Amino acid sequence: MRNLFSVTIICLSFLILGIFWSLSNNLQQVAARLGENLVVTLFLNKDLPEKDALEIRDKAGRSPVIESLRMVTADEAKERFQASFPELRDVLANLKANPFPASIEAVLRPDRAGPDAVAAFLQSMTATAGVEDVQYNRDWIERVRSLGRLTRAIGLFLGGILVLASFFIISNVIKLNVLSRKNEIEILRLVGGTNTFIRIPFLIEGTILGILGGLVSLVFLAVLIQAFPLYLGSSLGALQELLSFRALSISQGLALVAGGAVIGWLGSLTSVSKFLKA
Amino acid sequence: MRNLFSVTIICLSFLILGIFWSLSNNLQQVAARLGENLVVTLFLNKDLPEKDALEIRDKAGRSPVIESLRMVTADEAKERFQASFPELRDVLANLKANPFPASIEAVLRPDRAGPDAVAAFLQSMTATAGVEDVQYNRDWIERVRSLGRLTRAIGLFLGGILVLASFFIISNVIKLNVLSRKNEIEILRLVGGTNTFIRIPFLIEGTILGILGGLVSLVFLAVLIQAFPLYLGSSLGALQELLSFRALSISQGLALVAGGAVIGWLGSLTSVSKFLKA
Amino acid sequence: MLVSDNLIELFHIGHQYQRPHWALSDVSLRVKKGDFVFLTGPSGSGKTTLLKIIFREIIPSEGQIVIEGVNILRIPDHGIYKLRRMMGIVFQDFRLLFHRPVFENVALPLQVLGVPPKEIRRRVFNALRMVNLQHKLGDPPAHLSYGEQQRVAIARAVVNAPKILLADEPTGNLDTELAFEIISLFREINKQGTTVLIGTHDKELIRHFGSKILFLQAGKLLGKDALPSPES
Amino acid sequence: MLVSDNLIELFHIGHQYQRPHWALSDVSLRVKKGDFVFLTGPSGSGKTTLLKIIFREIIPSEGQIVIEGVNILRIPDHGIYKLRRMMGIVFQDFRLLFHRPVFENVALPLQVLGVPPKEIRRRVFNALRMVNLQHKLGDPPAHLSYGEQQRVAIARAVVNAPKILLADEPTGNLDTELAFEIISLFREINKQGTTVLIGTHDKELIRHFGSKILFLQAGKLLGKDALPSPES
């Protein structure tokens, strides 16, 4: 009975842990994807010769924060606008000239786009002749940063609480297990068993319990990951990506099982050792 | 020692439960707020006399799915556009006439805006003379629906798992508590104690443990709710609202503590009764 | 009055812990009010089993048992306390609260009756003095020697001046002098009206104090002649 | 050779479980190889304490104890098994694995030595036959009577033909015939070279078998004359 209890507790702890791990995996990926979308738009002077535009592009390309650059012609900008606001097609049709400027879209490297580096880049580009205006969605940057913080916060708060709780629960269950066999340990010592002889069965038992708990929780987690999107339906859009479960990688799964084994082993070791004193 | 263990477990279970409850509170509020933003825009024919526009408004107002209506004149529409896209101000200045149509923005009642009712409303408005076009962001509706589903899904999956886990853990801890005092129960019976006499101290103890666990978890939860936004910073925007903790209401807090008491009481009762047989 | 004369009556009691072995078989006996009875027999002959049946810790596989005219096998679980309250029991394994003070242990049968604290103190002191343990009153049994623990169990059994005193091997851990003192104590309690039934293997005690002797052998009652046969 | 002559030597042993009471005080004694010694005294005089000190379950508050020339108080915790392996011990509270078969219980001291299973079986059968329990071999002690449990404990103590046999009240739950049989068994083992130390309060046993007698009284050793004084 008590062994069933141990496995269940270990399994539940790991299941909760795994759920958060999986969610956190996901948030990190979303954060990374958002990070890829850091875009600075350099609006060019109207009727700037293509040669100058290319020069500006090359200058921007030398900055270390730039990942890639893309020229957007005035026609392209107009088409985009029309696609985005079909109701305004009439308005544009009424215009003689294309009111949209050509621009260069610069995608930043998220790993290097620190506030100082980006500020320096923006300043140098603003000062460049031929660049009419520089647009940079600071809000997005802030949002990405905050999302990163959020991921870490969830990781630290809940993950921390749960790891501690798991360890506490598991080691206590094993302690109770050992306590219920305190008598046995004492008797083995009294008839001349060496400490190693006495420890081994407990260590094996604890490790097996831990591994079992880890494995069972992985199975539940897999089921959950399969079942969750089905239940949710497929129309959440961006939100769904943000909150859906992503399967743990094989190494993360192995880490969970190995964690179970280590916890079981350590828990047994410390618990048994208490009774090997006299 | 074991009592400390019991309280800690009960507290952790309730803490995790409380975190999800609080998050779920929040999601529900966000969902409700999004629900309020269900807007149908009726674009009116250019140069429609104001009398006709008001008639259309009144007709729309008779539909049961409408919460409120707002007339947007062509000038207003132009101003909005300018505010949203300052870079295009030049374009608009070049135009002789205002290219934007007047419109009526209809806010739907989330409680009545079922798919059929909305479809009927849209159809009737499209057929109305003077209405050039009807726009309704179905995506948003779907998103709100999905968010509702998401909230419930999190509630059911994680909440369900955790409630079960809590109950299982707590009742087992109490069972172990009682088991360790099995001897005492037997002896009390052997010297002529009535079942009630034997049960009462256990019931009191279990209930107190449960209440303590609930209270401590509330304290931790309050600290967490205070600390979480501070840690996150304040620049998350909409995402922050979506994921920040919202304090449990007083009645929810009381429910948590009462739940602790009931679990403690029930756990003790069932555990003790097992030993009152012979 | 037949009922008032026979305090404990066993009719064809048989008990099987596990097939096929019978720990007791066809045991019939009567103990009269005020009797002082020794129950003896070699190790494993069923003494403890018989006593456990009398205080209804064990429901026998066969037979009936009547105490004070009541068939105790018919008492529901939640009513057993009435039976237990008229008995004092010394268990072969003591069954003390190992980590509570001696005082609390001995006070238990009075506490369940709701006796006022002052009276409890008086009677517990008295009982502990009778078994020579007044100086260990605050120690838990875990800190006592075996003989001392046994005496705590005895004090608890007699503290309430019960109608029936059942004692299973009450002197197994005591030296001869102390054993004689304890049995003398039981004798005195017996003279004040308590019916006493002692399971023991100590022949010397029986030789010295024995009035009525029940002899068990492999679960069967021999030496019935020491008691009026229930069939007679 | 002085060392080979004295198997167990106690020098001014004193033990305090709790202030201010001394459970043992200034106990000095020698047990020679091949001795057969009774340790007696009234309840609470310190017999169990003295035996527990000899097998190092308790570290005495004062004094030194040397067994086979080794000061056992200097053995680290993880080395005690060497001391225990040369002893067979019958505990006053049996200390059996309550829910494992009798066979397993008795086999334990052989298993920790890594004796091959066939040899284990032979010796366990033998030991159980000596205490008259060969038929209970598969039952757990939880299903045995008290006397039977005590005999399991005795079988476990002798199964390994130990150098030293310590027995604390080994006949407290046995009838006189069985008690005599058990002590005769100890005598036989003693003749094969085992040094035997028996704590008991049974005067009859001592009268019958007693060669050397240690008498404890309130923690002090009287009747040293029965043994060569350690000071002499």
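Observations, loosely collected:
Each chain gets a letter, A, B, C and D, in the order it is written, and its residues are counted from 1.
Note that in this section a contact is a pair of C-beta atoms (placed from the backbone, for glycine too) under 8 Å apart; a residue touches a chain by one contact, two chains touch by 3 or more.
Quantities reported herein were computed from a predicted structural model and do not represent experimental measurements.
Common neighbours of chain A and chain B, by the contact definition above: there are none.
A centroid comparison over C-alpha atoms places A as the chain most distant from chain C. Centre-to-centre separation of chain B and chain D, using mean CA positions: 70 Å. We define each chain's centre as the mean of its Cα atoms; on that basis chain B and chain C are separated by 65 Å. In whole angstrom, the spacing between the mean C-alpha positions of chain C and chain D is 31. Interface residues of chain B facing chain C in the complex, by the touch rule stated above, are 183-184, 186-195, 197, 276-278.
Those residues of chain D lying in contact with chain C across their complex are 17-18, 40-44, 48, 92-93, 143-148, 150-151, 169, 172-178, 201-204. On the chain D side of its complex with chain A, the touching residues are 55-57, 59, 77-78, 80-82, 84-85, 87, 89, 91, 95-98, 108-109, 112-113, 156.
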